[in-house]
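Naming follows writing order (A, B, C and D), and every chain is counted from residue 1.
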Amino acid sequence: MAGDVWVVIEHEGESAANVSWELLGIAARLAGDLDSQPAAVILGDGDNSDFLTRHAFSYGAATAYVAGNKSLTPFTAGPHSQALAALARKYNPEIILLGATTRGRDLASAVATDLETGLTADCTELEVDPESGLLRQTRPAFGGNILATIITPGHRPQMATVRPGVFPLPQAAAGATGKVVASKPRLAKEQRVHRLQFLPNPEEEVSLHGADVIVAGGRGMRKAKNFIMLGDLARELGGVVGASRGAVDAGWVSARHQVGQTGQTVRPILYIAVGISGAIQHVAGMQNSDIIVAINNDPDAPIFDIADYGIVGDLFELVPAFITEIRKRKDGAGAREAAV
Amino acid sequence: MNLGDRKPVDGNFDAIVVGGGPAGLSATYTLAGGGARVALIERGDWPGSKNMMGGLIFSQPTSEVVPGFWKQAPLERPVTRREMWLTTGDSVLKAAYESDDFGAEPYNSFTVFRSRFDKWLAGEARAKGAVIITETLVEDLLWENGRVVGVRTSRPEGDLEADAVIIAEGVNPFLTEKAGLSRGVKADSMALAVKEVLALPKEKIEDRFNLNEGTGAAYEVVGEITGGTPGTGFIYTNKDTVSIGVGIILKDLVTRAGAAYALLERFKAQPQVQRLIAGASPREYTAHLIPEGGYQGMPRLYGNGVLVAGDAASMVNAVNTEGANLALLSGRMAAQTVLRAMDCGSFESLTLSHYGDLLNNSLVIKDLKQYQKVTPFLSSHPHFFSLYPELASAVLKEFLTVDSLSKADKLHLITRLVRSQQPTKKLLKDLYDTWKALS
Amino acid sequence: MAIHSVVCVKQVPDTTQVRIDPDTGSLIRAGIPSVINPFDLHAVEAALRLRDEHGGTITALSMGPPQAEESLRKVLGFGVDRAVLLTDRAFAGADTLATTYALAAAIRRIAADQPVDLVICGKQSIDGDTGQVGPGLARRLDLSQVTYICELESLDSDAGIIRAWRQLENGRELLEARLPAALTITETCNRIRYASLPDMIAASDKAIETWGMNEIEVERDHLGLKGSPTRVSKIFAPPVRQRGEIIIAADSSPAAAAAAVMDRLAERGITFDEGDG
Amino acid sequence: MSDKDKKNPGNLPYDNRPWIPPAHNVTAQLGLVKFTPDDTSHLSIKDKKVCQERCRRKFCTHSCPAQVYRWEEEEQSISIAFEGCLECGTCRSGGCPYDNIEMRYPRGGFGMQYRYG
């Protein structure tokens, strides 16, 4: 039997990053193919691990490796990598998965170096090769223009980070239990890096990740002012405004709105691309949307190749037309409700 | 001029060359080779990154600057066949000249990409000791006692002094105007060229253009390239791409409130052309102006401490697509002039007038003078090439072979050639008219 | 106390210009210009600002083919003091583990000449997009690891303490680290300066040191492809979504086109008529 | 060049019918070129009134090969998408027959970049 498939749970106190639970779903699948077990790794001060452990079990972990040490809270890469490397040396996991977040990538890189093993960043697909039993790690490369499948033939564990939102959240099974392996790693008392302060993002910040509807604008918007009407449309649809790199580079909207290879990967129910030509860098970040609507005046724009519905026309006429149409439908529905 | 608080950098430069195109690079290479300390200032990320041409360079003038350049330069294909298409309405008259000699050393011409070729040439100039400064725009000239003494760039501490400045800034003569040398730009002397580079597999290119492996073709299309609009078109073969473009005099374009890319689309859609490029996928779209004012449009070519070369000096032979040749040669002559001035220790207008002498004695100016008399195209002689194919071949060979003979000398040569074949009076007239139009 | 920073820069193909051949699905590499990894320029800028404030020296280090000298020369144009290019066929095919192995050996040699306080990298390269080299160097050289820095708060060079903000998904945190440290810099950390003309001219004459595997202390087996645990098993074009229904607005009217799309969405169960939802 | 010539280079017989937008667009073509836009525009309209009152045809919207210029009916002015400029100089060389466009080159290191050229 192969070693376990580990998922390192990224958390701040009791609040875990969604991507960690997404990864437990894929870990269960990989473990099934390898005839091994999915496991969660929870590194922290050991005080509030119960809550996270319960969640880990409910999302499919068979084992929870819980390492507790004061130096592990708050997260800094040094002690976390020492603790994780020590656990890995002791229990020999087959695979270690982490979210491709700031901390996940930070920690994974350090641990892979310590363990002198391979690490594949930002995977979009993970599967076990049925013949060799190797983890086939597929990721975009060259700015999203190609996909590369990477393997780690002669080294263990096989390590990968996965972007948030790439895999769906697994069904939680309430009340599921598993084995807890607790440890108290010995770490240097004097740490070289300390966290002094944490400032959460302001509430009103756009959150592309997790939005059901995204209305995104590109170079075709021509100027910052025109993003106002995209905001209007997004509001009507209960969504948020996104942007292509071109629009961000031009300074029309802030980088927080950027969707794409260098921005965020999103998978909303509805993605409306307005004045976006559809460069691969952008497409790489939104092609997993359920439905894509594209508005562009260029019939040859590549965005139409991936759109479910494309409208060739002047966006400065079409966006207002959409707003009018949606309001009309809402009024109609409101009137019907009133009549009932 | 008061330099204010800005202290010019004393890099001990003998010369500054503004612009990393064929003229500027040829000047820089020649200066560095002659032992001068020279700085080339280019606004793009690398010399070539802002440059565009149809895509043909000629061996003879290029090897005058860099002997045996074909052994190392990034070239696409040696051109072994040139075709001239004369189009009127729906009909196309084609004349081809093909020579296997053109496919062997010393070659006749090559298709190239400016962005790559110029980068290479800049590397050669650097190897000779030139300082290449990129990503830097020259905004103005520095003056002292009515003499140009350096340049002002947009960089911090961006003034740089030198004994001589060679302006090779290209078709938009910002500095030439500031130097008081330009005669201004006129819409009827500027052509706008737009071009697409289209990818096509090697084998398809060789098949469709009927080429031996590794050799290339250059097609020039003149007349009504698209329904009723005068202009020129060109199709050149590269290794695994085809360059296709159109040029139109800006005045014609504006008068008709037309769009150059629309012309290009229509040109591409013509059946004769479509056959060649079917299934090709676009790689790049470029636009550039061509100064077609010729001799008339030339600015004053030098002043105290300053010389002008290449497109900035309107050195383009409009009909024969020889802008890059003239740029290379004029850049080289400007450099030779500066080298001579260094020997004399004087960079005054009087000393630099040597540049004018060099140009006047060269085919550069001879050709440009010849072109003063260019008449609108030879659409009144559509029968010419079809009636006299053998002669046409001879004429084309002479016309298309770029060597050290000026076009005027060639006219004599061809006249003799034609007479030797006992032509009729009409033929002579046709020939003469054609030459007037073509040359 | 003056600071000695080593900045790692990588020459990369400009991936914004990479295209896929629609017929063959293969990468068109021909003619793609090489550029300095844009994030590395922010790393250079960070080093320059620290030097502006605290004095000291900056060494730029790159690993790549001989042509990578171009990128180092550009970095010298910003006023970097010294440039070292690691180039050797033995380094070819390195993944990030083998890369940090060679770079770490080079940094040790640089540190032998002059102690190194900071190793500064861009947050990731635009061709590999891994972000693994900075942390890898931190581990190999036992440096304090501070990655994805969005703002450098302060450096106390006498106490050997640096403070920096890093961007997380849900906020930002201020970290304090003891020198020597490895930093990785994001594009929001600074604005790259416009190099001065004298610096650019000076750079054109400066020597770039070239080191091969014999110039640094390394074992052949840990270098290049041989020293890389990962292998690329397959490269392929991303699967394409099917082209859907295209409506030409000019055929009817913008309003009709918008209504048509809203109808299609409604057919698929997506409606927005529940008031202000 | 005299002032008169400058205003009317080449003495063009203008097509001065009302403006119609260009039939083609070059978005896809421009997508093949790399642009590194500077923060500020290197292009500007010298006098808005000329566009509003004298130039009915809005010549720049046709002559510019990169379609940088667009007539904004609502604002009665030309908008300038300088980020996608090919820096050819058409607008300063007669592309605007009223010589009403000020064109400079972008700062060194900014603007367009050809990889073939």
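Keep this in mind: contacts are C-beta pairs under 8 Å (C-beta built on N, C-alpha and C of every residue); 3 or more make two chains touch, one makes a residue touch a chain.
What you are looking at is a predicted structure, and each value in this text was computed from that prediction instead of being measured.
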item	value
For chain D, the least number of touch steps when starting out from chain A	1
Intersection of contact partners for chain A and chain C	D
Top chain pair, ranked by number of contacting C-beta pairs	A-C
Geometric centre: closest chain by C-alpha means	C
Inter-chain centre distance, chain A versus chain B - centres from mean C-alpha coordinates, in Å	53
Interchain centroid distance [CA atoms averaged], chain B/chain D, Å	25
Where chain B and chain C are represented by their mean Cα positions, the distance between them in whole Å	39
Centre-of-Cα separation between chain D and chain C, whole angstrom	36
Chain D, residues touching no fewer than two other chains	28, 32, 107, 109, 113, 115-116
For chain C, residues contacting two or more additional chains	16, 19, 31, 33, 194
Multi-chain contact sites of chain A, meaning residues that touch two or more partners	none
In contact (per the touch rule at the top): chain pairs	A-C, A-D, B-C, B-D, C-D
Contact footprint of chain A on chain D as seen in their complex	25, 27-28, 31, 37, 39, 70, 79, 81, 83-84
Residues of chain C defined as touching chain D within the complex	14, 16-17, 19, 31-33, 194
Residues on chain B engaged by chain C in the complex (per definition of touch)	9, 11, 39, 45-46, 49, 113, 115-116, 126, 131-133, 136, 153-160, 199, 240, 279, 281, 283
Touching residues (chain side chain A, partner chain D) in the complex	219-220, 222-223, 246, 249-251, 277, 279, 296-298, 300-302
Residues of chain B touching chain D in the complex	43-45, 48-53, 113-116, 118, 134-137, 153-155, 171-172, 174, 183-188, 190, 192, 194, 196-197, 241, 243, 250-251, 253-262, 265, 282-289
